[in-house]
Amino acid sequence: MSLNDSILTLVTFLPLAGAVLLMLSPRRDREIRWFALVITLFTFVLSLHLPAHFDSSKAGFQFETNLPWITSPNIHYHIAIDGISLWLVVLTTFLTPLCVLLSWKNIHGEAKEFFVLLLALETAMIGVFVSLDMFLFYVFWESTLIPMALLIGIYGHDRRVYAAVKFFLYTMVASVFMLAAILWLYGKTGSFDYTTVQAAIRSGQVEGLGYVAVWLFLGFFIAFAVKVPLFPFHTWLPDAHVEAPTAGSVLLAGVLLKMGTYGLLRFNVGFFPEQSRIHAPWIMALAVIGIIYGALVALVQPNVKKLIAYSSVSHLGFVVLGIFALNTAGADGAVYQMLSHGVSTGALFALAGILYDRRHTYEIKEFGGLAATMPRYATLFLFITLASVGLPLLNGFVGEFLILSGAFSAKAIYGVLAASGVILSAGYLLWLYQRVFFGKVTQPVNLTLQDITPREQAVIWPLMAAALVMGVAPSLFLQQIEPSVLGTLQGVAATAARMLPTISSLGPLGGR
Amino acid sequence: MTANLHLWLIPLLPLLGAAINGVLGKRFSRQLVSAVGLAGSGSAFLYALWVAAQYSAIKAAMPIVETLAPWIQAGSFRADFNFQLDQLSFLMLLIVTGVGFLIHVYSVGYMWDEGGYYRFFAYLNLFLFFMLMLILAGNYLLMFIGWEGVGLASYLLIGFYFTKDSAANAGKKAFIVNRIGDFGFLIALFLLIQHFGTLDYAALATKVSQLGVEAGWGVLSIIGVLLMVGAAGKSAQIPLYVWLPDAMEGPTPVSALIHAATMVTAGVYMVSRSHVIFDRAPQALMVVAVIGCATAFFAATIGICQTDIKKVLAYSTVSQLGYMFLGCGVAAYSAGVFHLMTHAFFKGLLFLAAGSVIHSLGGEQDMRRMGGLRKEIPWTFWTMTAGTFAIAGFPFFAGYYSKDMILWKASQQSMILFGFGLLTAFITSFYMFRLWFMTFFGERAPVEAGHGHDDHGHGTGHAHESGWFMLLPLIVLAVLSVIGGWMVGGGDGFEKFLTPVFGAPAEVAEAAGSLSEGAVSAMATVAFLLGFGLAWFLYVRRKRIPAQIAENLGGLYSAVLNKYWVDEIYAAVIVNPMVAISRSVLWRGVDQKIIDATLDDAAAGANQLSDEVRKMQSGNIRSYAAWVTAGAVVVIGYMMWMGAAR
Amino acid sequence: MVPISYYLGLSAALFISGVAGFLLKRNIITIFMSIELMLNAVNLSFVAFAAQLHNLNGQVFVFFVMVVAAAEAAVGLAIIIAVYRTRNTLNVDQVDLLKL
Amino acid sequence: MTPNEISYSHILPEVVLSVFGMLIMLAEPLLGERASRKPLGYLAFAGTLAAIAATFVQGQNPGFAFWHMVHVDSFSTFFHLLVLGITALVILISFDYVEEETVHAGEYYGLVLLGAVGMCLMSSAVELVLIFVALEISSIASYVLTGIRRKSAAGAEAALKYFLLGSFATAFFLFGVAMMYGATGSTNIPEIAVALGKGNIPGLVYVGMALMFVGLGFKIASAPFHVWTPDVYEGAPAPIVGFMSTAPKAAVFAVMLRIILQTGAPGWLYLIWGSAVLSMTLGNLGALVQNNVKRMLAYSSIAQAGYILVAFAAAPQEGTSAVMFYTLCYAAMNVGAFAVITFFSGKDERLVHLDDFSGLGTTSPLLAFTLTIFLLSLIGIPLTGGFLAKFYVFQVALKANMVWLTIIGVVNSAVAAYYYLRLVVVMYMRPAPEGAVRVSAPLPMRLALLAAAAATLYLGILPSGVLNYTEEAAAQMLAAPATKVVAEQ
Amino acid sequence: MELLLFWVFAAICIGGALNLLAQKHPINSALSLVVVMASLAVEYLLLGAEFVAAVQVIIYAGAIMVLFIFVIMLLNAGEEPHGGKTSMVAKLVGIPALAILAVMLVWSLGTQAGGSVAVAGAEPGPPQVIARLLFNDFLLPFEVTSVLVLIAIMGAVVLAAPLKPHHAEQILEHLKSGGQN
């Protein structure tokens, strides 16, 4: 058996194996930290095998493993990746070791459990992206909840319990609708297999779908929309972020939110192209509202993390907008923006955490003039801010540009309105930067703050490098993303042709 | 095909300089930092000169497009790292690297005593990198990199004195206002993509040129207007000019380089670059012309009353940029670009000289506290004089040629545009000489110490001449300001040079009522003289009159003095409501009061319901039995009904 | 001849009386007696049905019901004693510590 | 082997249990007054194990016996094993409880075992009278066990409530049996099936079904017959709650399946539909604000019964399988949860308030961890039996096109997360009270906890074997041949 | 004749049941119940179930009711006690439900059950036939009742056995403190 056959399983479950080992090990924090770091780094290195051996000429799924798991109901251990999930997996494995580094010394409580949860979370997150069996997908999907909720609830800040419960319940309640939809599909097709079900739907073999399709679509949609989170389902996010420990925020923003957008693309668009087309207008409208709304609210936040959290609402609005533009540019951009947001917002949260480690507060008014006392930190922060703002040549721009142009060709007004979010993002982030770093140092305690340490730099530099690479050489990623995106959008193109025979083209940005 | 020019190296050189200074500069000595910074800009300038040396050889092959690597590919859309060299970008290349290098030299002297010296040079190099990307880009998206990038560099440099709130605010304001412009630019790009599927200049030109001139508001007109929105942001045109005066918070070399000579002209460059589109969109052109003309006039009037020497120059810049757009707007792109070039010379010079003045006074920027400086700092005085005469349109100085050309072209389009242009020329002459007289003539007012923006820490006792690092660029630019117009053969010569880009100038039909070139020149010269005279009269002869006028005009004067309250209006109409609405309506309202509260209510409702449900559990056995009986009744009733319905 | 439905009607009436006793009486022992009444009502049905069906199974059931009733009586009365011992009352309305 | 003869192998587990029950009663006086009562527990445990072994023997001889009184098939074997497994666990967790609370150990273990006899018998009985007697055995044993803590006023009250209302419900059940008898001329399930199969179903059958449903619905604590549950569970001893919230319920579900599905009785679908909806909703709503953990779990058990009824409503074969699987998972997690409470609540069960569990994650990691597994399973988080069971149930329901039922069910299960989560939150996210010491459970308790946790996880991760078994058993049960009449011909 | 007997004893039966409800003192109620049981025995006779009738008198009236009366005496239960919160639910929900239940049951049993004209008292239930049934067809339930009885005995013993004195005090104290458990 070559590595290609088992690599995905390895990557997925290595962290979990590490977690189990950690659970059994004695409470020696130092060793535990190093062990967690080694495991996550090793997972990352292993996961690099995926892009290295990924055949970007193929649109289908690769590195496939398909074993029967439960015979009745017919459930398989079916995992594989395509261009869409490939980089999300790598993003996950990339961010986790950084989170370990970030949590090196600032855990309030037992380090052992913390890292156990972190590693378990990694497995669950990877699992979501690689599962092709919907049952398995749902299992991983829900499995992310527990470690994340515990990370927030145990290791978080003052209102951690409230935030953890809110996070848990929001997601839980929403995802049962997805469960219902999955079950319905299983009832009609007898399979949980993504490709099988998709084929059945596309060939019109699913009996009774016509009238239920809209409800299935909404079932999936609500689960993913809450996770994204799309306006108006977003209010759990700021609370969760503010209370979460830094590593939790990084993974929450970096990966967990992507699960929602990933699901929208994979399931809503992949399964229900016709419904996607029908519902795209209001979903795009929600996305646009989210973009502007998130940005405006971010503008007035008095708390660094909350601000970044609302900025996530705004940025992920872009992703949803891109997905439901239902054309190549939009979807390409959406997938790209997922990665890019993972890097830049992950980095922003990491930086906020570094600040928190020094001052134990996120209140913006507590800071000011830090550029003088922490110049290196200020520089790195600026870099990441600019990446987040969408400065060309950094990661944010590519995704935003593609999404906006996709949205524009889908429906111009959405593109125009969403583009205004670009202005606002500059507004709130630069204002944040100004308030934190510029001006005179107003609080004496800020005069003695330690500049960023080598360990912390080891977290930020890889993120900056990623931001730069993604900004300068997006083709590296897009070449693998695009065939899969095209594959997913095939159905849309087909229904478009069916529904509107005269306007079958998707504009110049449509399929090749 | 000519030999590969490796155009990509040109922007890369300053980037290298920026990277080195940025990463390592903190440990470098000032000398080393200067060396790296100068090497970054100087090498680019040398490279540009090397390219220029081959001009005759490569002229035929222009436009030369060199593709370095693919950048973004999605669907059928692609944008590469490709660089284009034609006469227009060639010219810009020389201006930017040349002026840029000079200002780098000047900065060595000017910034020597400042903290964050390495940072300054890193930013400056970074700016050059982006600016060069902007002008050398072979497609709009790549241009957008530079476009945003210069905004960034501008942000960083304006906010260079970051401990000062006003500086930080100004930087942010510049970036955001620029972004508003970029918004228009982006939309224009999307429209281009949607309709033409490409952003490549060459490919676009081919596709667009197949279309005819639009009669009304077609796609091209809309694209044109949107491009103009972008240009207005970058080039500080109405209504997006507000950031530029504030940007004077930056160190003076920055004002000279970015906010006078190069970056702010990017809009003009972009409009010229898009002439294929504008040529077919007369409506859009008209918008450009009107905005340009209005800005020119409006900013000039504000310039009259400003007392801060840099602010005067800033409004003057806005005004001059308006001229350039006026030129472009009447389809005289070469005139616009010509003025761009001469303006780079004289405005760069004026700023640097002003910087020298400020420097010599230990940071004083208020002209009311200046006076009589011509003896104390003669080099600065004479170079500044050259600049002042150039901008005011003294015959055969650089500004004379370019302004002349724009006015003449405008006169062929519309007498109203021409009239305002001429009026502006008069006002320009007036406020420039006002500045000149107030600064260098008369007596210096007694000064209290400790004022000023560039916190130099010099005493303010005796003004002293700047060092050679600063004077040398002044002298070079002064020479260029004097001979720059003549050197290129005046408007005609310049137009001929750019013909391959913009096409041959339309034959001017000497229609009835239109003015001859000579007449326009004469009128411009008269305007210059009037302005000079008035300034002399008011600020040398009858110094008390300005105050009386100010009193008599009352409201109008204070309107002009306060820049027509535009900033305040923006704040009151847009910014404050937006922040207030975001805070009280969206965040505390929608988020907390509606969404969260709804959910909380739902949760509380569930809890209440739970309490109600719990009341079933009264603890009393008989009540339980009652429930069971009631349940049994329902069950039996249902089943009986089923049985009956069978 | 007595129609079988008369017996059944009587059975129903007794059953209802039993239910009514449970719902209306306060003394725990009386309530328990009401339950016995209900069981008796059922017994009557069994016997009546047995007669109707010419099938003696119904009568056999009655024995089982009686045994069960006896067992319930034993345990039930023991429970009542236990309650009385801890509460010192036989009022069913006062046995409501556990609630909500 | 003909169905009309005495065959002790068909009731072997019951015989074994009864024998051990009596042995315990005999053994108790032999122990000294002050001696530990644990040997009785060991004896009871051994009895359960022996009964489990006996079940396998019993399973070798499928078919009718005792004049069509019992029918041994995979279905009955499944419920035998389930009941016996629960019994074994409950006995394990009772060892120390019995010592601490000084209850009468002989009666305690004896009643548990003899109660189990009734439950086992219910699952294999195919005759309403036998079912009735078996049901009463299990009920009366439960009444007594509820009140067995004689020092506890709450225990006595709970026993009284349970007893009075239980007898009340039994009377309804019995009346239903009488009507079925009157309408069909038989109380034997296969025979009733034949009678009903002839068509022209008399109206009395419907009323009889309704009355039986009242009685059985009471026993499984499904709404609207659930009102007794919280009070009784709160007052009863914790291990016994674990016992009676699972084993008799499982047995009654077996009975319901047999009665409703084997007889092919009409009209019950929406009855169960409604009861399922009400149970889930009322149970979950009631649990939302409970601060007493036992009471909270009582409400939760109402809701869980609702989920099982969802499967019931679905479809004959898969529905049956789902009911079986759900009861199994529910047994594992609920017994587990009550095991933790049994141990943690301490003497006189003082510590059952939510706040008492503060910081359990640090003071007793094993206890907290296992309880978390059980709670997550009760919520229905993947990789636990509870999830798979719910998943299976809802899947079956959707397959039967019960869309609304499924939606109500899934929404309920999501809302329910809240109150289970509260406990998890308290254990892990609140600090332990001052002076809390690390406590560790005694060995039998640990064994029980680990067994329950392992079962919960096993059922969630590798359920294939069990699922295959339940599906086959369901098929067998539904295809059950053969009436007395047919068999005799 | 049979009809007359039926009506007479049915009336006694119902009267006894109503009296059970009406009486305040449990002893009176218990005696009413004995009346009901005795008259039921007569009804059984009418239905041809002599053996059942005999057992009814012996077990029910003779054994079970004696047990009841014994307990009433033991606990010295007096007049129906008052106090405590009477349940509104029992009245508001219970009584209407009761009424409906009555209508439904009487209607369904009175009209739906088989033919309304049935052979009553036709086939006597000879004890030997019943015995055969009991020890063949119903052998298993019969044997199982032994377990039931055993449980009942154990239960009665464990619940009714006297408490040790100090336990009783504890309970009283606990009750006074108003706590639960």
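Lettered A, B, C, D and E in written order, each chain numbered from 1.
The rule is short, and it goes like this: a residue touches a chain if its C-beta (ideal position, glycine included) is under 8 Å from a C-beta of that chain, and two chains touch if they have at least 3 such contacts.
Note that the structure is a prediction, hence the values are computed from the model and not measured.
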item	value
Length of the shortest touching-chain route, subunit B through to subunit C	1
Two chains joined by the most C-beta pairs in contact, as defined above	C-E
Chain closest to the middle, measuring from C-alpha centroids that were averaged per chain	A
Intercentroid distance (Cα basis), subunit E paired with subunit A, Å	68
Centre-to-centre distance between subunit B and subunit A (centres being mean Cα positions), rounded to whole Å	36
Subunit C and subunit E, separation of their C-alpha mean positions in angstrom	4
Computed distance of Cα centres, subunit D from subunit A, in Å	43
Subunit A residues counted as touching two or more neighbouring chains	none
In subunit C, residues with contacts to at least two other chains	8, 15, 18-19, 22-24, 31-32, 45, 48-49, 52, 57, 60, 64, 67-68, 71-72, 75, 79-80, 82, 85-87, 92-93, 95-100
Of all residues in subunit D, the ones touching two or more other chains	129, 133, 136, 140, 143-144, 147, 150, 152-154, 159-161, 164, 168, 179, 182, 203, 207, 230-231, 234-235, 415
Interchain contacts, given as pairs of chains that touch	A-B, A-D, B-C, B-D, B-E, C-D, C-E, D-E
Of subunit C, residues touching subunit B in the complex	19, 22-24, 31, 92-93, 95-100
Residue numbers on subunit D that touch subunit C, as the complex places them	129, 132-133, 136, 140, 143-144, 147, 150, 152-154, 156-161, 163-164, 167-168, 170-171, 174-175, 177-179, 181-182, 185-187, 230-232, 234-235
Of subunit D, residues touching subunit E in the complex	6, 11, 14, 18, 21-22, 25, 66-67, 69-70, 104, 107, 110-111, 114-115, 117-118, 121, 127, 129-130, 133-134, 136-137, 140-141, 143-144, 147-148, 150-154, 159, 179, 182-183, 202-204, 207, 234-235, 348-350, 352
Contact set on subunit B toward subunit E in their complex	616, 618, 620, 622-623, 625-627, 629-630, 632-633, 636-637, 640
Complex contacts: residues of subunit E adjacent to subunit C	2-3, 6, 10, 13-14, 17-18, 20-21, 26, 29-30, 33, 36-37, 40, 43-44, 46-49, 51-52, 55-56, 59-60, 63-64, 67-68, 71-72, 74-75, 77, 80-87, 90, 94-95, 98, 101-102, 105-106, 109-111, 113-123, 125, 129-130, 133-134, 137-138, 141-142, 145, 148-149, 151-153, 155-160, 163, 168, 171, 175, 180
